[in-house]
Amino acid sequence: MSEHPILRYVSAGAWALIEPLFSDRAKDLLIKLIDFMESDILPSEALFHSQISPDPKKRWESVPAVLGSLQKRAKELGLWNLWLSGGDFQGMAGGEGGGLSNLEYAVMAEIMGHSAILAPQATNCSAPDTGNMEVLARYGTQAQKDKYLTPLLNGEIRSSFSMTEYGVASSDATNLGNTTATLDPAKNSLSLSGHKWWITGAGDPRNIVHIVLAVTDPKNPSPHKRHSLVLVDPRAQGVKIIRPLTVFGYDDAPEGHCEVVYDNVKVDVDSGVVGGKAGLGRGFEIIQARLGPGRLHHCMRTIGIASRALDILLQRVSDPNRKTFGKYLKEHGTVVADIAHSRAEIDQARLLVLAAARRIDTEGAKGAMQDIGITKFTVPTMALKVVDRAMQVHGAEGVSADTPLPYFYASLRTLRYADGPDEVHIQQIGKKELKRVEDLKARTDKIRRDSERLLQANGLTRAKL
Amino acid sequence: MSEHPILRYVSAGAWALIEPLFSDRAKDLLIKLIDFMESDILPSEALFHSQISPDPKKRWESVPAVLGSLQKRAKELGLWNLWLSGGDFQGMAGGEGGGLSNLEYAVMAEIMGHSAILAPQATNCSAPDTGNMEVLARYGTQAQKDKYLTPLLNGEIRSSFSMTEYGVASSDATNLGNTTATLDPAKNSLSLSGHKWWITGAGDPRNIVHIVLAVTDPKNPSPHKRHSLVLVDPRAQGVKIIRPLTVFGYDDAPEGHCEVVYDNVKVDVDSGVVGGKAGLGRGFEIIQARLGPGRLHHCMRTIGIASRALDILLQRVSDPNRKTFGKYLKEHGTVVADIAHSRAEIDQARLLVLAAARRIDTEGAKGAMQDIGITKFTVPTMALKVVDRAMQVHGAEGVSADTPLPYFYASLRTLRYADGPDEVHIQQIGKKELKRVEDLKARTDKIRRDSERLLQANGLTRAKL
Amino acid sequence: MSEHPILRYVSAGAWALIEPLFSDRAKDLLIKLIDFMESDILPSEALFHSQISPDPKKRWESVPAVLGSLQKRAKELGLWNLWLSGGDFQGMAGGEGGGLSNLEYAVMAEIMGHSAILAPQATNCSAPDTGNMEVLARYGTQAQKDKYLTPLLNGEIRSSFSMTEYGVASSDATNLGNTTATLDPAKNSLSLSGHKWWITGAGDPRNIVHIVLAVTDPKNPSPHKRHSLVLVDPRAQGVKIIRPLTVFGYDDAPEGHCEVVYDNVKVDVDSGVVGGKAGLGRGFEIIQARLGPGRLHHCMRTIGIASRALDILLQRVSDPNRKTFGKYLKEHGTVVADIAHSRAEIDQARLLVLAAARRIDTEGAKGAMQDIGITKFTVPTMALKVVDRAMQVHGAEGVSADTPLPYFYASLRTLRYADGPDEVHIQQIGKKELKRVEDLKARTDKIRRDSERLLQANGLTRAKL
Amino acid sequence: MSEHPILRYVSAGAWALIEPLFSDRAKDLLIKLIDFMESDILPSEALFHSQISPDPKKRWESVPAVLGSLQKRAKELGLWNLWLSGGDFQGMAGGEGGGLSNLEYAVMAEIMGHSAILAPQATNCSAPDTGNMEVLARYGTQAQKDKYLTPLLNGEIRSSFSMTEYGVASSDATNLGNTTATLDPAKNSLSLSGHKWWITGAGDPRNIVHIVLAVTDPKNPSPHKRHSLVLVDPRAQGVKIIRPLTVFGYDDAPEGHCEVVYDNVKVDVDSGVVGGKAGLGRGFEIIQARLGPGRLHHCMRTIGIASRALDILLQRVSDPNRKTFGKYLKEHGTVVADIAHSRAEIDQARLLVLAAARRIDTEGAKGAMQDIGITKFTVPTMALKVVDRAMQVHGAEGVSADTPLPYFYASLRTLRYADGPDEVHIQQIGKKELKRVEDLKARTDKIRRDSERLLQANGLTRAKL
């Protein structure tokens, strides 16, 4: 009798713990997804990369053709938009894929993480589109939904979220003040100017909208009510894509992470502010709501990336061509220890992610902020360690493009900043934990009083050793 | 509305994940246990320690009186023998407390870990008695059960497991050859001689039996069939308790971890070999079965010890008397970071333990060996880190007997050897993981072939970057 | 041709670096010291410990007899008071041993660290006496020198430094306000009251003086001018030794680290304030001067402790009786890696200590504060790691009194608080380093301007990748 | 009075230790070098990079013009070929720069590491040319010296060392068997065929010679006598540069690390085998001699790279534009702690390098193998940690090309494989250390016997605690 395919990916202990919480539909989708990954996605990776031109210009102008056929297949299999966990998309064209719990999706996303670039795109589960769809579904006007949300749900267009500012310490979002959208009440329009960077997807030829965080009410006494989200057509007058930024030398074409200047871009208030006129001043409120599950999605996929790195490591150290000094690499005790530690670290981190996902299911994203925060600063660091060990057993090949490992490393390294650097999350979690002290102290004080009473009743003093 | 008391001990994410797997009885017992800990056990700790004499002789001669009343209370509350998870004890006097799943007990054991010396004794859940009871229940004769198991289940006596040999590298159990029990067929008796050490509980005045691993069939071709388990009365002729060994500077009176010499101790085969005559040669088989859940019990309690250390840390850094340079300790960023890391590490480790416990529930102890092995080398090291941080924020007080922290540290440090050193488990887990390679390679090879086919079909070669 | 004996203790690279800085006398003393260690000190360790009574009372009442003969031998060999590096003691009876550079003494102290309890006592190089002698030599009146310094230099008496206060966060010395010495101008005397703890050596029967930090001028506007150092006879009316504190269960008899209450102890100003009347208000000034080299002495010896732990480890893993699964422990790759890392870590840390010692020689203790601070937070943590590895390869024996390792661990652990916790030194060194920024920025700005000029001159713009 | 400029780069403690070992000439050169770095090299970095074309073809075809003028300047200043420490080059044209001790050069190389790409090239101190020059000077024929060594010493040409084989675990050099040079005795020529990769510099238009390790005597019973070093013109018939490999996403144009196929390349024995006919079979002997100092040179520069990363970090965290939540980054305790740890780690690692360099000076490269091995596995890992911290404080900018940090990271990461992976060196050092056991055991046994005698003489037994 053959083992359940999920056990090729997820530790048996974790599966034993969560299996009772999986619906039959989710179990069915999971098996389909695994088969799709193994039969379609992973075999298509090489073609996907080969279809991106090495030419510095052309690589930004087209999209690998294989992606289209994979997307078609994913739709047929019902593996489309699996990330849609809430009720916001019900009844919406393209919203059929949803309805999984966050816990169920967590496992799917981990599996997709084994092909972290291609699988999310092929199934329409990739950032920043997922977060942008959430924003539009919850806060967009009907016209905005028709124009952007429907084609995003169908995977026909792509989008950017334009927040981080050049030269500004953007991890404190209240610092984001240099991009302004000045209202011309006569025309009911805004004039948007600003200098952003790290705008993921802004290089993509399919991109038709940037959701730009901009100050529309600079004098509002509350720093959290000054901003709005503005929808900008990247082909509009005044939008300049300065350059794709590189990450450890990688440009991530054709999506890219771009430096973008908005120079007096004209935007109509009703159609161009998320939520229309009523959305003015709600930028902060909306981005706060956007971040929670998105952070966790990254962590879910990261478990998959780390697992794939370990799979690659395992095969390398078992390769008879890689014997040194008469021994397989896997015969070295330090290699075996690295494997065991990687196994333990991945298993632990996965469980953290699953618990956080489950918490969103029972308490909502806000109620799960602590669990999400812990995964946020734990999971990428763990994965970097595993990938680094995998690189090391490859010798020089491990830093070259002949393995996906250095690219994994570079991508994961960005997660230690993206959506807030580790340090911010660490301080928040630590401070949250300190809030337990009052209750702890009350209990400890009572215990101490009770213990003194018992000592006295027995005619003893506390032992001083 | 007040929060569920379990959330004072277990992270909300973990609880959300496991709560659906808890029976109503287990939920009820959990609430009772928490109340028992806070109202009885923790307030009695000081008295318990004060009732152990500082005198080097007397401290081995009596048992703190408070223990008796706590045991009585635990029985009344139904918090007795909660560790009995299997069916081996059903219908047996004293076996009523059982029936929890390993997952349910894992949470109970963690809670007890907040008072890791006293709570397990007060509820009859402490090593080595639990493992010894398992041995007797599964392999003992009826007479042996009557004589030893019943009073053990009732908490009336204590016992030792006498395995590790002086001067022998005992982590490889096949090395254990210096303790022999030579058969005198005429008298149907054994003459036992050997030099053991680290025999926990051998100093205890309540102890009436050592279960001794000894070679009874030295010429058996299988090194795993040479040993038997022999029941020895510590007051018998020829038994010498040489000394209690210290762990760092602690002697763990009155239980102790003793060096013991058995010098021609006479034992009747029928009554004195576990399982009687039929038990001869089955020593290895029995000790293998004994180890799995026991290892996990240590890990469960260890999560509780680490949690208590963090609770102590949190209170110390919030103490206004401990300000330095005008700041609370908790206002230092590095302290906050230590708290966050401790929180994250405890939460991860707990989830590992829970997954392993769940695995025992679904697959049995043997099926869960990998999960247990991972917790075995992960959890104590994690807890040592947390305890060390807690010591550090106390300054010199942190290494003194004015906090329980150095004792926690010393106890936890032994877990990195007990039941096999970390290194052995690490190598086993790593090698187990390497067994996945064959299957991995088959899938990877297929993926690579498919990908070559796709490249060819598209007239492309694999991008060489 | 045999190797220089120093190479048994110090890495050849380090010795190559410092050998040209050693005087002939120092080289000669070094060889004598090594021989004294190997022929006398190390063989006497067991006797020394066996001469301390296990009886809880008697162990505080006498001093191991072997110490006396070792001290006599050390004096004969000229290995007495080697720590006296400055000129303060020249011409003083007992001051003959000095005159080594701090660099030279650093190596001697490391060698002594191989027997960290016995060797410093046998050679009169142990804390807190060394620091106390410095205080008396620099700041004491002639009468104080005659009474205390001369017998200290001769090893006839012992002393304590009484600073840390019970219940006070003493790592911020300005918090030390609860011990007061109120002046009675009529009698020219002080009445000293306070509650101190961690007073090393206060349990020792040879101790005849506590140097107590006490507030004598509570209203002085400068918090650094309120304290004086007061000389107190431990047998005086009002001095109560409450208890020896334990460190991980160890009491360090007969020296001890004691809790001491001073209750209206009368002290004459002229004879009892360090420096007499002129010393009033100079407590802080004096303790600052006292700390620098003392911190480094601990680090020097710590290198020796770590080295001995590694020596013990090396022998254990080569012991044929400790084979497991058919292999020597030294045949396991992870053990070999632990050895290599230990070697590298000890070698690095030693070099840090040597550089700091050399810096004191060239710049004085104040000029070397940064180098000393770095060693202070680096060396004990390093040594703890090495000792922990050594414990681990011993299995359970490694935490027992059958090896010195757990005692090493406990002692070293205190160094992470003693003379200021690691955290304080880390923050100081980090802030000191930040002072380089102004100069760095000036240079970087100039380089940037020059580079812009070069780009312009070549008609190029800075490459934006 | 201004501080010595070296103290801007090297810790005062280290300088105090080594300054007495510096000649006046070395001190003078050091000051000149620092000025050259600050006035010329560092300001030219941007121009250098801007002069490399972004075009995928052209970037391999020319060399930045600024390099020529920097080289000219370096020659004028006497800062040319400083690495020439031995006597091999005396009296040779271009060999004038040499004569520094390895210790003196270590400091120079660290300073150059602050501009690790440009400074070594500008001063003709860069790998692989330095090692190749050593090979030619020691083993080349006069004709080979004239043709290759003289222009290399003058910086007129560049060279490659072609050793690592494609698909072969090359860290065990005896595996290198796939590149063969078959002798045609009739023509006294070789026919070289093989597939190499990671051939640094093979992309460079200035390169006129590859020194290729090839099997010339496959049947020699000693696996260390089968190889020879063959000089190959990269423009010869049969040499194919397949591609530059990337390191992370960097191609290191115009030098590159190339995959190279040699397909029946004809080479004359007398002119084309290093050492001519007499050099046949000496390949292994020569490469062994080549590796020692080269490994250390990498470590020396690595200290400089880490130092520059720390300098960049310090400036970033002090930048008022980078405040978050109202605080400078440098006001966060964790940032300060990272700085302190970086300072301590760099200082320790530098001292290791200096001790190893000194050891080469006193014992030769062979005698210093242990010291070199320790630096080899210690220094790059240390530097990666420092660079990673520097990246982290930059947020996303830290992984982009707007700082040199990710490039530093990628380059340093290769050092954990280059010239043997860390693991090989770690095992070697650990095993070397284990060779001390015999001597240790003899001494320990003697000490134990002496101690037993002392115990007996005093009528005591060893205390059993």
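Residue numbering begins at 1 within each chain, and the chains themselves are lettered A, B, C and D in the order written.
To be clear about the criterion, a residue touches a chain if its C-beta (ideal position, glycine included) is under 8 Å from a C-beta of that chain, and two chains touch if they have at least 3 such contacts.
Remember, it's a predicted structure, so these values are computed and weren't measured experimentally.
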{"item": "Neighbouring chains common to chain B and chain C, by label", "value": "A, D"}
{"item": "More contacts between chains, A-D or B-D", "value": "A-D"}
{"item": "Chain at maximum distance from chain A, centres defined as averaged CA atoms", "value": "C"}
{"item": "Length of the line joining the C-alpha centres of chain A and chain D, rounded to whole Å", "value": "39"}
{"item": "Distance between the centres, which are taken as Cα means, of chain D and chain B, whole angstrom", "value": "50"}
{"item": "Where chain D touches two or more other chains, by residue", "value": "54, 246, 332-335, 337, 400-402, 423, 426, 464-465"}
{"item": "Touching residues (chain side chain A, partner chain C) in the complex", "value": "242-243, 246, 332-335, 337, 464-465"}
{"item": "Footprint of chain D on chain C - complex, ascending", "value": "8, 11-14, 16-18, 20-21, 38-39, 42-47, 49-52, 54, 65-66, 310-311, 314-315, 317-318, 330, 333, 335-341, 343-344, 347-349, 351-352, 354-356, 358-359, 361-363, 367-368, 370-371, 374, 377-378, 400-402, 423, 425-431, 433-434, 436-437, 439-441, 443-444, 446-447, 450-455, 458, 460-465"}
{"item": "Contact set on chain C toward chain B in their complex", "value": "54-56, 164, 167-172, 175, 197-198, 245-251, 257, 321-325, 332, 334-335, 391-392, 395-396, 398-402, 406-407, 409-410, 413-414, 416-418, 421-424, 426"}
